[in-house]
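Look for chain A in each of the two complexes below; its partner is chain B in the first and chain C in the second.
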Partner chain A sequence: MSRRGRLLLFGCAGSGLLAVLVIGLHGLPPFGDFHGAYGLLVDRLEPGRRHATDIVTALNFDLRAFDTLGEEFILFASVTGVALLLRHLRDEEDEPPRRSVDDHRFAGASDALRLLSLILIPLLVSLGVYLALHGALTPGGGFQAGVVLAAGPLAILLAGRYLALKRVAPHWAVEALDGIGALAYAAIGLGGLIFASAYLENFLPLGTSGHLLSGGMMPLNSIAVGLEVTGAFLLTWTEFLDQDLLVARGEL
Partner chain B sequence: MTALQAVALLLVVAAGTAIVFISDPLRQTLVLSIFGLTLTLLFFVLQAPDVALSQLVVGSVGMPVIILAALRKIAQHASARERHEEDGE
Partner chain C sequence: MAFAPFAAAAWLFVIGLYGVVSSQNLVRTVLSLTVVQSSTYLVLLGVGYRHAAKAPIVADIPTTSRLVDPVTQVLVLTDVVIEATVIALLLALVVQAHKRFGTVDPAKLRALRD
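On to the complex of A and B.
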């Protein structure tokens, strides 16, 4: 197709899209206008029903706990897929790739960067633990805790120490975290089936609102999801970085 | 809309546009990370701290790390292929 023809086609399609967009945007409620009866209802309901003060966590781990189960296993399945694909590329060897002294540090990590990551690691880990434990109280919860916790070991890589990262988070441990977290969430749900009325129904004492141990099974769920997400992210990152190492040494 | 929200929105627009106009994938990845940070800021001023926390790590660290590793692999592959072709001739 000639340049002229393409421009003509784009003009027709573009103006059509613009017209539809203008009509659509015109009908939108104004910025910040909120019509969600469901949101208001949940805001009212959850603090009394489950003694939770962070409603987002209450939604994830109580009202929509089953959706979260599905999301857990979406993450689990996709990370397993990544691991399977990338391991196939390194000849399906179970052993992690052989290491030499060169792998000890990626080039380019300055002393300042090392110091910064040294400061970052304890901060990230403690923030992650805080987020996991306070899921039902303050913004945060399992997923947020998991990604923050996984970023801690990643800071070791920033310091240029890939081997140290592998020592802190070896493959077997990361895989175990991923699996145990997913299993634990499903198992907590079974507790609801046994001790309460339905799967994932709360069966633990609710505690005092605002205390660390409140919200029934939410803290447990939060920790389980935190473990799984930490494992999932670390596994993805180390699989990709292993590839990198193999390529750098010409083994792929 | 408060001034803070407007500023956060503008920052997102600026960072997003910058990504489109940068042609070098390596630089693009770094700007993508900054874009993630501006989105975090936006979610935060729109009073969604839970989403902001996830976005902070996933958008500004998690995704760029994977893209960087992939870029490095592509570059190494390309140079290996070039060497191979030179040997063949």
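On to the complex of A and C.
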């Protein structure tokens, strides 16, 4: 189908869809007047039941812990898929890219950008660790922490040193991080099966509300997810950057 | 304007679809898909909002405060993770398409058309 025909067809279908959506807005309950019983119940129960003060994290790592397991493995599977797709044509041996390639990558990085990256790295890493540890207390948790932590090594790339990034986060370490994070979460769940009544059920002391060590197994889950997400994002990025290097070397 | 968040979500959804349909670059197609997906965040957060309510973090407010619905917020978190994975996979496929066909223009992917 030609581009013009496609756009014409979408013009009709899209405006029809938009019209239906707008008409549908009339029947909606008023904005800001939500009465989801489940949410209200969680708001009331979870601070007392698990001594967590961030109810979103409490849902994520306690009530919906099993869904989070699935979510984590979706991430794991998709990152594996990315690695499989992108390594299809690459040699099995993971040889380091040549020096000249590294030199012309981000060669335009100014001294100001390098300095900023250097300042950013410790900030990003400490913010990531903070988010992972305080997930049960304040906004944060493993998923957010993982993304922030993975951005730390990425700042090294901004400083213009892809090879340095590969030294800090070599493939085997990133893959191991991804796998260990996923495994740790599943293993923590087994603790619930052994010491409590069900898989992923809390089996650790709850601690005092508002203290670092509170919320039972939530901080552990949060750390496990944080490791996995860090590994997953770093792996995805390095796979794409490797492709870029291969293209730059004229091998593809 | 009580329906504004949902109207904005409908608009994002349709404009994102337009981006997917009209795109002449597969990377742009993928990015348009993120626009479609971001409409779901607006719907979920809009559904869970309650007037004059606080964020569901009771670290420094009484646990009896009026709070917005935490369940929809958790669903948004799931949504974001799924979006990240889908986008990563699609971009990897774009890289493969570029290797195979030498172009990222969907109209020029000959093997798909013949």
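Here is the rule we use: the second predicted complex is superposed on the first by the 219 of 252 C-alpha atoms of A that agree within 3 Å, B and C clash if a C-alpha of one lies under 4 Å from a C-alpha of the other, contacts with A are read in each partner's own complex, and residues count from 1 in each chain.
As a working rule, a contact is a pair of C-beta atoms (placed from the backbone, for glycine too) under 8 Å apart; a residue touches a chain by one contact, two chains touch by 3 or more.
Fair warning: this is a prediction, and the values are worked out from it, not measured in the lab.
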Using the superposition on chain A, tell me whether chain B and chain C clash or fit.
fit
Chain B versus chain C as contact partner of A:194, first or second or both or neither:
neither
Could you look at A:28 and tell me whether it touches chain B, chain C, both or neither (first, second, both, neither)?
second
On the A-aligned overlay, A:3 touches which partner chain: chain B = first, chain C = second, or both, or neither?
second
Residues of chain A touched by chain B versus by chain C: which partner has the larger set?
C
Specify the angle subtended at the CA centre of chain A by the CA centres of chain B and chain C, expressed in degrees to the nearest 10.
40
Does the superposition put A:241 against chain B (first), chain C (second), both, or neither?
first
First (chain B), second (chain C), both or neither: which does A:37 touch?
neither
In the superposed arrangement, which partner chain does A:112 touch: chain B (first), chain C (second), both, or neither?
neither
Of the partners chain B and chain C, which touch A:86 in the superposed model: first, second, both, neither?
second
Is A:151 touching anything from chain B or chain C once the two structures are fitted on A? First, second, both or neither.
first
In the superposed arrangement, does A:131 touch chain B (first), chain C (second), both or neither?
first
So if I take every C-alpha atom in chain B and every one in chain C after superposing, what is the smallest distance between them in Å?
5
Residues on chain A in contact with chain B in one complex and with chain C in the other?
31-32, 54, 56, 139, 143, 233, 236, 240, 243
Across the complex, what residues on chain C touch chain A?
2-7, 10-11, 13-14, 17-18, 21-22, 24, 46-51, 55-59, 63-64, 67-74, 77-78, 80-82, 84-86, 88-89, 91-93, 95-96, 99, 107
Would you pull the chain A residues touching chain B in the complex into a rising list?
31-32, 54, 56-57, 131, 139-141, 143-144, 147-148, 150-151, 154, 233, 236-237, 240-241, 243-244, 247-248, 250
Touching residues (chain side chain B, partner chain A) in the complex
1, 49-50, 53-54, 57-58, 61-62, 65-66, 69-70, 72-73, 76-77, 80
Tell me, which parts of chain A touch chain C in their complex?
3, 6-7, 10, 14, 17-18, 21-22, 25, 28, 30-34, 36, 38-40, 42-44, 47-48, 53-56, 58-60, 64, 67, 71, 74-75, 78-79, 81-82, 85-86, 88-89, 137-139, 143, 210, 233, 236, 239-240, 243, 252
